[in-house]
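Quick notes on the structure that follows.
The letters A, B, C, D, E and F name the chains in turn, as written, and every chain counts its residues from 1.
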Amino acid sequence: MPNVIVRSQARPDREHVDQLAEFGVATVHEAMGRRGLLASELRPIYPGARIAGRAVTVLAQPGDNLMIHAAIELCEPGDVICVAFFSPTTDGAFGELLASNLRAHGVIAAVLDCGVRDVADLTRMGFPVWSRAISAQGTVKATPGSVNVPIVLGGTVVRPGDVVVADDDGVVVVALEEAAATAAAAAAREADEATKRELLVKGELSLDVYGLRARLEALGVSYVDDPNAG
Amino acid sequence: MPNVIVRSQARPDREHVDQLAEFGVATVHEAMGRRGLLASELRPIYPGARIAGRAVTVLAQPGDNLMIHAAIELCEPGDVICVAFFSPTTDGAFGELLASNLRAHGVIAAVLDCGVRDVADLTRMGFPVWSRAISAQGTVKATPGSVNVPIVLGGTVVRPGDVVVADDDGVVVVALEEAAATAAAAAAREADEATKRELLVKGELSLDVYGLRARLEALGVSYVDDPNAG
Amino acid sequence: MPNVIVRSQARPDREHVDQLAEFGVATVHEAMGRRGLLASELRPIYPGARIAGRAVTVLAQPGDNLMIHAAIELCEPGDVICVAFFSPTTDGAFGELLASNLRAHGVIAAVLDCGVRDVADLTRMGFPVWSRAISAQGTVKATPGSVNVPIVLGGTVVRPGDVVVADDDGVVVVALEEAAATAAAAAAREADEATKRELLVKGELSLDVYGLRARLEALGVSYVDDPNAG
Amino acid sequence: MPNVIVRSQARPDREHVDQLAEFGVATVHEAMGRRGLLASELRPIYPGARIAGRAVTVLAQPGDNLMIHAAIELCEPGDVICVAFFSPTTDGAFGELLASNLRAHGVIAAVLDCGVRDVADLTRMGFPVWSRAISAQGTVKATPGSVNVPIVLGGTVVRPGDVVVADDDGVVVVALEEAAATAAAAAAREADEATKRELLVKGELSLDVYGLRARLEALGVSYVDDPNAG
Amino acid sequence: MPNVIVRSQARPDREHVDQLAEFGVATVHEAMGRRGLLASELRPIYPGARIAGRAVTVLAQPGDNLMIHAAIELCEPGDVICVAFFSPTTDGAFGELLASNLRAHGVIAAVLDCGVRDVADLTRMGFPVWSRAISAQGTVKATPGSVNVPIVLGGTVVRPGDVVVADDDGVVVVALEEAAATAAAAAAREADEATKRELLVKGELSLDVYGLRARLEALGVSYVDDPNAG
Amino acid sequence: MPNVIVRSQARPDREHVDQLAEFGVATVHEAMGRRGLLASELRPIYPGARIAGRAVTVLAQPGDNLMIHAAIELCEPGDVICVAFFSPTTDGAFGELLASNLRAHGVIAAVLDCGVRDVADLTRMGFPVWSRAISAQGTVKATPGSVNVPIVLGGTVVRPGDVVVADDDGVVVVALEEAAATAAAAAAREADEATKRELLVKGELSLDVYGLRARLEALGVSYVDDPNAG
């Protein structure tokens, strides 16, 4: 497979992306039928960020960030750069200079299956990164890879143009062609949850709200009094 | 062993629980003779929380939070929900809705040998959770387990009615019948530490404050001058 | 090898130490030719600290902090205590009392291949620690070790008198005899980066700023249009 | 909690122990309702061993095997020495000399939450060990612990007198008072499996043998033809 | 995404499968341009097996092997069953009975992102398994999943009909449509290696055989005499 | 630090190397005062090998084995090639062709902080390797490093000319200048152990052979009868 840089035209609707950002990772993941979540080892470098954007994908050699540089000119405002590697690495292939250049092209976040450095600067800039590690280990710009090919990132396939949603809970990817339906399903789910939340906050038992008592009985779970009580 | 939900009557004295909360994990662990600490992989989702409460225990199937729902009606104000699993899992079996319902019943915290989600919401609510992972991975409500049976949580036995103490240092469990003695021992330890802290802050050497010079000598540790110094 | 406490005279120039602190870990690591970084598992207990100081080294038994106590009287203002162990451990061999005593002698930070406790107190004090774990597990003061001998810490050799630089990105060690040259190289690197940053922030592509287009071509990376585009 | 050496009288019936050994770990674990399994990180040092025996339990300091020595005179023919530690360790607290002495007292195996060394010798002797690591790291005989108290080993409670069953699949513990019933349940399970095996080996589908087709349908799993087939 | 069982017609040529089995994992991986390798955590349960076969894929719930049962009737002689899960698990979802039934339908091996049990029986049977763990932890047959959909297994996409090659070095997957070209490339690679092996075994230096001396010089690597030599 | 290939003249006495090989890792490690052991993650690819030899050291880029090739012509009969990396990697930088070429120059084993491939071939050849992983992941020959400089391997410093001892228990390094003394100390230790083994095999208790009863008493460990016994 030759290494290629693909000028991808795949692009989700901005409206759906914005809705998905609002719902957040847990709701979107549920709305897709509990699919699309990236491995929980990919963690945000600072708390509180919540984003969604179009995926620009990079496949790179461990210890080498050449292909991230190559991806920048393919980025558009609102994009999220997503970087996978040929084999496991924690090297710090991403830092503040790359983020500054990406931001100048409108990129809003990075999701990396490697390390990240300049964490204090990135926090100050408010440029959120989800990564496998924090590491200052420097990298070279010497070996080839690809841009905008499908990658496996945190155990999940990410294709250029898919929607990446990320917050304190992690990262979930929504296939481009499922973005509209997922946004709708997430909205329905939130509405349903809002109704239930009202009851649960008042103290109504979730066993009753979700109708789980019959299930417990069907599963043979029995209630007993404390055997040690006087 | 049939799956059961035990209406446990075991309950520590509120006074001891409050004292243990004040001392915190490190002091309580020392006061018990360095026992009771849960594995350090169970970490708080946000810094700064410090709690103590009665343990309500749950034993559940990985990927299933049915039994956490079943435990809620057995909870009382001040309780801490403690959840172990039949085999290793990082799925996000706990989130904001469960926390809201638990809070409505007075529960003050959760300790989980699994993942947690809705971390931003839980942080905003001020509902502290100590967990093995942060993961949005959704779970079902389909398989049986038990409530208020003894569990192994982070390598340590937790029984219903035990006192769970948790802060930025991790989680320690105090057996119900040891709560009073541990609170007393912790108070004594704090008093002793206060005296020593005063000296140490002034710069008196801990070697002298703790009387360790003789030990170093007995152990054959010798002082030498820098071999490379001119 | 007998256990010894060495009254080391090795001491870097304060001026170089201060410069290295200002540059931070990523820049210093690059300035040394990408050497000297400690394993990324050694993480700060709170974000935002950035320090540099002379290493006072400790080699200790797992579960025992006697030799850290022994090291205190050899410390001078501006020093960083660096602790390695004979075998892997996550026990909490370091806490607030030790930090208070060390601070009274001018020590500004600790780098530990073990656990740390009293994390809330240390955060309040503003005493930064980089460690492998957070754990309240108590330790004894019973077995011998050494002070101010060369140690391997996070996979990197640290000798007494070396300069330890640490921030949110991790920890890097600069050999005493390389401190001046590294500070100079870091300054040059920063100047070069400043020039480039100006261009990159404006949106000039890093591919052009670093002259990487020829390399991509030499590596056989080709540009293709989206095969799926209409 | 003072450190004690308990002269335990708890002892399972030899007959049940022998039956459990024959059934092996997977069958015994199933016969107990899928309980009792130790963490899968505890692995045999060589393949092919299968044992069952009475647990003699040890609780020890990391890096110290004093209490294993203390346990030997409490061992009887057919026993299995089970060693837990106060905090995580991979040190090689067990080797050929200990095994030789234990064997002279009839001990048939060891289960260790630490490292083991002299692996070539132990293999030659045919003394099976299940451990967390293989490590030559030497240990001292200096700090106290307990013998024949309940321990948590690989996340499971082991009490003196319980039956430990171990083979290539790992280790399972059967509570003393459940040994007879578990042996009976395991026998019943094996008989049932033998009947089914006969059918399955002939190629009858497990879907039919276990009657799972209705379940698939009830779960909404549908059969579809290959969408890409010509 | 509804759960489906696909009656896949995708099928590689037997001839190419046999050739790929002969070349083994390392050579096939190289012949594909260093792609297709599964994560090195997937290890064989016994040494010495080397197989290649058509992938029948399963996507299942952790702790549940229902869908493996459902896959059996879709298997044909020479197939390899490949099982991924919705979230991380080490439960022993595969054992001797499943293997016996699969073998009756001609299946030659299993690749599992979970645990395996009955390892002694599987070894005796000569049914090779590559898995993430060995664990007797029992599983249920209660929740839905899919058969013969594309899965991510060990970080690599496996589609039904792809060729799975596995040996002591791990597992590599060859896309169905690349099987012929990969077999040819592997043959060419082996021929080239045979020529070089002849020289290398005689002691001719690989630096010369591969023509690397110029590269070392270009990279600025210099030869120096031992600075400590007399 | 420029990358260099050092023509090291450091060379231990063959007699001491042979003695150290005979004693094995555990005894040599003890004879050095429990120093020199490499991390237990470095494991042999097949059981039963035991070797000792002069270290030829390599420091390389992850995913690149160029410098291993460069090291071959500096090797002499009886040497052990020891390879560390600039940052963590599990790539398979070593395989059968390299081993064949090294063997032609007399090298007897490899110790690698990376992955190894062609494991079946290496086993058949009887060329032992201790490595962090088994992985077929291919590597390039593109970036510079050094040969015969001091390296940190598995957390321990290895210098060219040191003696590396390896067997089923792991790997230990003996400094060149300590080889003679360590061999002598190991011989003394073996003699002492032989005497004790004779007693222990007969069943004399290690508590008595090592004189540990007084220590237990001094540590406050008390003997109690089974509280649950009738």
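One rule holds for everything that comes next: a contact is a pair of C-beta atoms (placed from the backbone, for glycine too) under 8 Å apart; a residue touches a chain by one contact, two chains touch by 3 or more.
What you are looking at is a predicted structure, and each value in this text was computed from that prediction instead of being measured.
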item	value
Interface with more contacting C-beta pairs, comparing A-F to B-D	A-F
Approximate Å spacing (C-alpha centroids) for the pair subunit D, subunit F	30
Multi-chain contact residues (two or more partners), subunit E	34, 37, 86-88, 90, 135, 137, 142-143
In contact (per the touch rule at the top): chain pairs	A-B, A-C, A-E, A-F, B-C, B-D, B-E, C-D, C-F, D-E, D-F, E-F
Interfacial residue positions of subunit C with respect to subunit A in the complex	24-26, 29-30, 34, 37, 40, 43, 47-48, 50, 167-170, 172, 193, 196-197, 200-207, 210, 212, 215-216, 219-230
Residues of subunit F that touch subunit A when the two form their complex	61-63, 86-91, 135, 137, 140, 142-143
Subunit A-facing residues of subunit B, complex	2-10, 46, 66-67, 69-70, 72-73, 90, 92, 95, 97-98, 100-101, 103-105, 115, 117-120, 123, 133-138, 141-146, 148
Subunit A contact footprint on subunit E (complex, rising order)	1, 32-35, 37, 39, 86-88, 152, 155-157
